[in-house]
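Next come two complexes built around subunit A: one with subunit B, the other with subunit C.
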Partner chain A sequence: MGPMVWISALICIFGLLVKFILIIKEVYEKERYLLSYITVRHSLRSIIAWLIPFYPRSTRMRPVYYGISYLFHVLLFLLPVFLMSHIVLINESFNLSWPAMNDTAADILTIGVIFALVFFVLRRRFIPDVRFLTSFMDYILILMVLLPFVTGFLAYHQVILYKWIVIAHVLSGEVLLIVIPFSRFSHMITAPLTRAYTGSEFGNIRHARDW
Partner chain B sequence: MSGNETISIEKSTDDAVENGLSRLTPQRVSHVINQVLHQETGARFKAYVDTCMRCGLCSDACSYFLSNDRDPSFSPAAKVKQTIWEMLAKKGKVSKDFLRRAVHIAHLECNVCRRCSMYCPFGIDIAYMMLLVRRICHKLEITPQYIQDTVNSHSVTMNQMWVKEDEWIDTLQWQEEDGREEFEDLRIPLDKQGVDIMYSVIAPEPKFQAGLIYQAAVIMHAAGMNWTMPASPGWDNSNMAMFTGDNEISGRIARTFFESAARLNVKRIVMGECGHAFRSTYDVGNRALSWAMPPFEVVHAIEFYHELLTAGRISIKKKFTKRVTLHDPCNVSRGRGLHNMARKIVNMTCSNFTEMTPNKEHNLCCGAGGGVVNCGPPYKKERMVNNRVKAEQLAATGAEVLIAPCHNCHSGLEDIIHHYKLNMEVKFLGDILFETMEKKIYRPEE
Partner chain C sequence: MKQWKILMMFILALATSGIAFSQGEQERLNTLAFEMPRRPGAVFSHDDHTQTTEISDDCAICHHVYANKTLVPDESSEDNACSDCHSLQPDRKNSISLVNAFHKRCKECHYDLGKGPVLCGECHIKK
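Showing the complex of A and B:
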C-alpha cells in the first residue's frame, strides 16, 4: 500500500481528534456552564435510545428512509473493514488479520449501499421538505461516498479498465477520508456530542424523554 | 378546516417592525449579526450548524409544518436555513426584506416548544437557534410591537402588564375580602416573612383573571398551607424578555423574582399554572444569574396539587363528570416531565377522561406559547391557520372540557376552539380542583 492511504487515514483520525479537542476547549472557554448539565447517565440514555432502530417516534414516522439510512450507516463501516481484499492488504503491511466477510455477501451489500445512496439522491429531489433543505453540497457529499463503493464494485468484478478503476477506487477512498473532518461528515463525532447535551438537558434538568 | 386558507394569508407585519427596519443601516445589521453569532455563541452553536445533515426528520415535529399541508418552508430546519444559515453564508450582510422574514419566522412561526429537538436524530436544539434570531432582532430593534410592550412593562414595573404596586395589593385584598364572605378566616397573607411557600402568579392574573388568585387562596386555605404573596415587585413570575432575546432584562426579572423569595425567607416557591413562567424560573432565568439550578425549589401548580391530593391535605368531594381531555404544555411536560402527575390529578378529580394523541412529551403545541400569542392581534389570523392540527387533534377526542395547565396554552386553545368552532370549554387544573374539592365553607350557625 502506498503512503497516501496512511496519510489520508491519519488526516481523518487526527482531524476528528483535533476537532473534538477544539470543541471541548471552546466549551471550556466560552460556555463552561454547559458542562454542569451534562451527565454520563443521561447522555448514554439518549444515545442508546437513538441507536435502537425505530425506537424514537420520529424514526417511525418515516420508516422507509430511516430503515435504509440505518442499514446504510452500519454497512458504511462494516463493509470496508470486513472486506477480504482490504484484510489481505492490511495483512501484507502489518501481519494482522481478522475474519473476512463472504465475498458474495459483500458484493450484494455493496449494491445495497449504492442503492441507498441513489435513494438519498431521489429523496433529495422529490420529497418537498428535504428538497427545500438540500443544497448542491449535499449531492457532492453523496457523490463522495458513492464513488469508492461503485469503483470497488467494478474493481471486484473486473469489468472494464481494471487498473484505472482500482486507482479511482483508492483515490476516491482517500479523498473521502481526508474530507471527513472538514465537512458535515464529521457528524460522526459531533452528533454524539449534541445528542449527549440534549439528552442531558432533557434527562437531567427537564426529567423528560427526548426520543 | 381547509388548508387552502394558507395561500391567501399574507405574512403580517407591524409598526414596530417596519419602523425598526427603516432605521437600520447595512453596517449595523452586519455588525449585530456577526456579534451575536460569533461572540455570544460557542462550540455548541457551531456543532448545531455543522451537524445538521438536512434529513428532514424534524419536519413532522412542527405543528406549523403539519398545519400548512407540509409546506417545506415551515420545517424546523428550513427555518434555520432561512435565517441562520443565510446570515452565516452572507457574513451578516442581509437585506431588510430578509430581516422582515427573519422576524416573522423567529417570532411567529416558531413557539420554541423544542418538540423538534426530540425528532432530530442528533438532538439539535432548533429553538435555541430561533431564540438567537430573536436576540438579533432585539439588538436591531425590530421586535414585534405587542411583545416589545410587555418587555417594556417588565423593565419599568417588573411585571408584564403595567400593574402598579397599589393596584397589585388592592387586587389581592379585594380577593381576600370576597373570599372571607364565603370561607371562614381565609387570608391572602401579604409579605409574611419566614413562611413555607411564596405563591407567585403571572401579571395577567391580577390584571384580568383575579378569580384565579381567589381560587388559589381557597385551595391554600382548605389545605391549611403556611403561605404568602410578595407585596412589592418581584411577584410576577412571567418573563417575556426571555422570548424576545432581551437577555439583560430577562436576567433582571429573574433576579427580582428570586430576591423577593429571599427577602421573604420562604422555603419554596409555588407558582400558578403557567408554562413559560415555569421555564423562566426553573430553566432559563436562574442560568442568567449563574445558578445552574434555581436557588429556590420552584414548584409548578401541577406538582403542588398532586402533593396536596396525595398527602390528603385536600380531598375530592364529587368528581367532575363531563368528558375531559388534557393538553400537555411544552414547558411543563417536555420542560419538566410533569405530564404523568397531571394525569394522576385528572384521574383523581374527573370520572371521564379521554387522552388526546399524540400526548405527553409528544403533544402538539398550543400555537400560542414562546411569545407567539404575545405578538398580538396583527398576527392572530395566521396563528389560527398555523395550528389547524391542534384543532383536529382536539376534535378527535370528543371531549367537552379541555384541561390546559398553562396560561399561554389557554389563550391559544381558546382562540383555536373559537376559530374552528369546536364547542369545548378550556379549564385549568385549578378550576377542576376548585369545583370538585372539599372546601372550608363559612357557616355562621356552627
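Showing the complex of A and C:
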C-alpha cells in the first residue's frame, strides 16, 4: 500500500474529529442555553427514530425519494467494506479478514448506487424547490461519489484501459475521503448532532416527537 | 479465374488472421487448491520468470523452504505444491495464507524490481 491511502484516511478521520470538537466548542461559547435542555435520552430517541426506515412521518410523505436515499446510504458503506477485492487488500496488509459479499450481488448493487446518484442529479435539476437550493458544488460532490463506483464497476469488468481505470478508482476514492470533512459530506457527523438538538428541543421542552 | 483465386485467398487470409494474432490460451496458475476460487487463475509464465536475469537460477526465491518460521538457506521445494505449506487460512505453523503467498510473492517482487504487473486485473485477466 502506498502512502496516499493512509494520508487520505487520516485526513478524513481527524478532519471529522476536529470538526466535531469545533462544533461542540462553539456550542459552549455561543449557544450555552442549549446545554440546559439537551439530554442523551432525547438525543438518542430522535437519532434512532430517524434511523428506522419509513418511521418518521416526513419520510413516508416522500417514499420514493426517501427509499432510494436510505438504500443509497446503506450501500455506500456496505459495498466498499464487504467487497472481496477490498478485503483481500486489507488482509494482505493487516492479516485481518471478514466475510465478503458475493461479487455478482456487489456488481448489481453498484449499478443501484449509480442509478441512485443519477436520480439525485435529476431531482436537483427538475424539482423546483430542490433546484432552488442547489449550487454547482452539489453536482461536483455527486460526481465525486459517482466516480469511485463507476471506475470500480469498469475495473471489475476489465472493459477498457484497465490500468488507468484502477488508478482513477483509487485516486477518486482518496479524493472522496479527503473532501468529507471539508464539505457537506460531513453530515455523517453533523446529522446526528442536528437530531440531538432537535430531538431534545421537541422532546424535553415541547414534549413532542420530532419524527 | 485468376482474379477469383486471389480474391478467395484474400478472404481466407482475413478469416484466419484472427487465429494468427490471438495469443491463444495464456499460461495460468491452476486454482485446484482453492475450494471456491472467485477469480480466474493468475496469468503466469514459468519460462518468462526463470529467464529473468534478476531471478536467474535461484529457484528458492519462490520455491523456498521454511523450518520453524525461518528460511532454510540452500534448500528448495520444487517438488512440493505451494498449498503443502500455505493453507487456505493462516494457522499457527504458517501465518501466510495461500492467497497471500501468491499475492505477496508476485507483487512484492514486481514492486522491488519495478517490472511485472501489480494490479488485480493485470494477472486475474477475465477469461
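Criterion: the second predicted complex is superposed on the first by the 211 of 211 C-alpha atoms of A that agree within 3 Å, B and C clash if a C-alpha of one lies under 4 Å from a C-alpha of the other, contacts with A are read in each partner's own complex, and residues count from 1 in each chain.
To be clear about the criterion, a residue touches a chain if its C-beta (ideal position, glycine included) is under 8 Å from a C-beta of that chain, and two chains touch if they have at least 3 such contacts.
Keep in mind the model is a prediction, meaning the values are calculated, not measured.
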item: Subunit A as common anchor, with subunit B and subunit C clashing or fitting; value: fit
item: If touched residues of subunit A are counted for subunit B and for subunit C, the larger one; value: B
item: Which of subunit B and subunit C A:198 touches, first, second, both or neither; value: first
item: Which superposed partner A:157 touches (first subunit B, second subunit C, both, neither); value: second
item: Which of subunit B and subunit C A:138 touches, first, second, both or neither; value: first
item: Partner chain in contact with A:103 - subunit B first, subunit C second, else both or neither; value: second
item: Partner chain(s) touched by A:80 [first = subunit B, second = subunit C, both, neither]; value: neither
item: First, second, both or neither for A:95, with subunit B first and subunit C second; value: second
item: Touching partner for A:33 - first (subunit B), second (subunit C), both, neither; value: first
item: Three-chain overlay, closest Cα atoms of subunit B and subunit C, distance in Å; value: 36
item: Residue numbers on subunit B that touch subunit A, as the complex places them; value: 41-44, 46-48, 50-61, 65, 70, 72-73, 75, 77-78, 81, 117-125, 283, 287, 290, 292-293, 333-337, 358, 361-362
item: List of subunit A residues in touch with subunit C within their complex; value: 84-85, 88, 91-92, 95, 103, 155-158, 162-163, 166
item: Parts of subunit C lying in touch with subunit A, wherever the complex brings them together; value: 38, 90, 95, 97, 99-100, 103-104, 119-122, 125-126
item: Subunit A residues within the subunit B interface of the complex; value: 22-24, 26-27, 29-31, 33-34, 36-37, 46, 50, 56-59, 61-62, 65-66, 69, 127-135, 138, 184, 186-187, 190-191, 193-195, 197-199, 201-202, 205-211
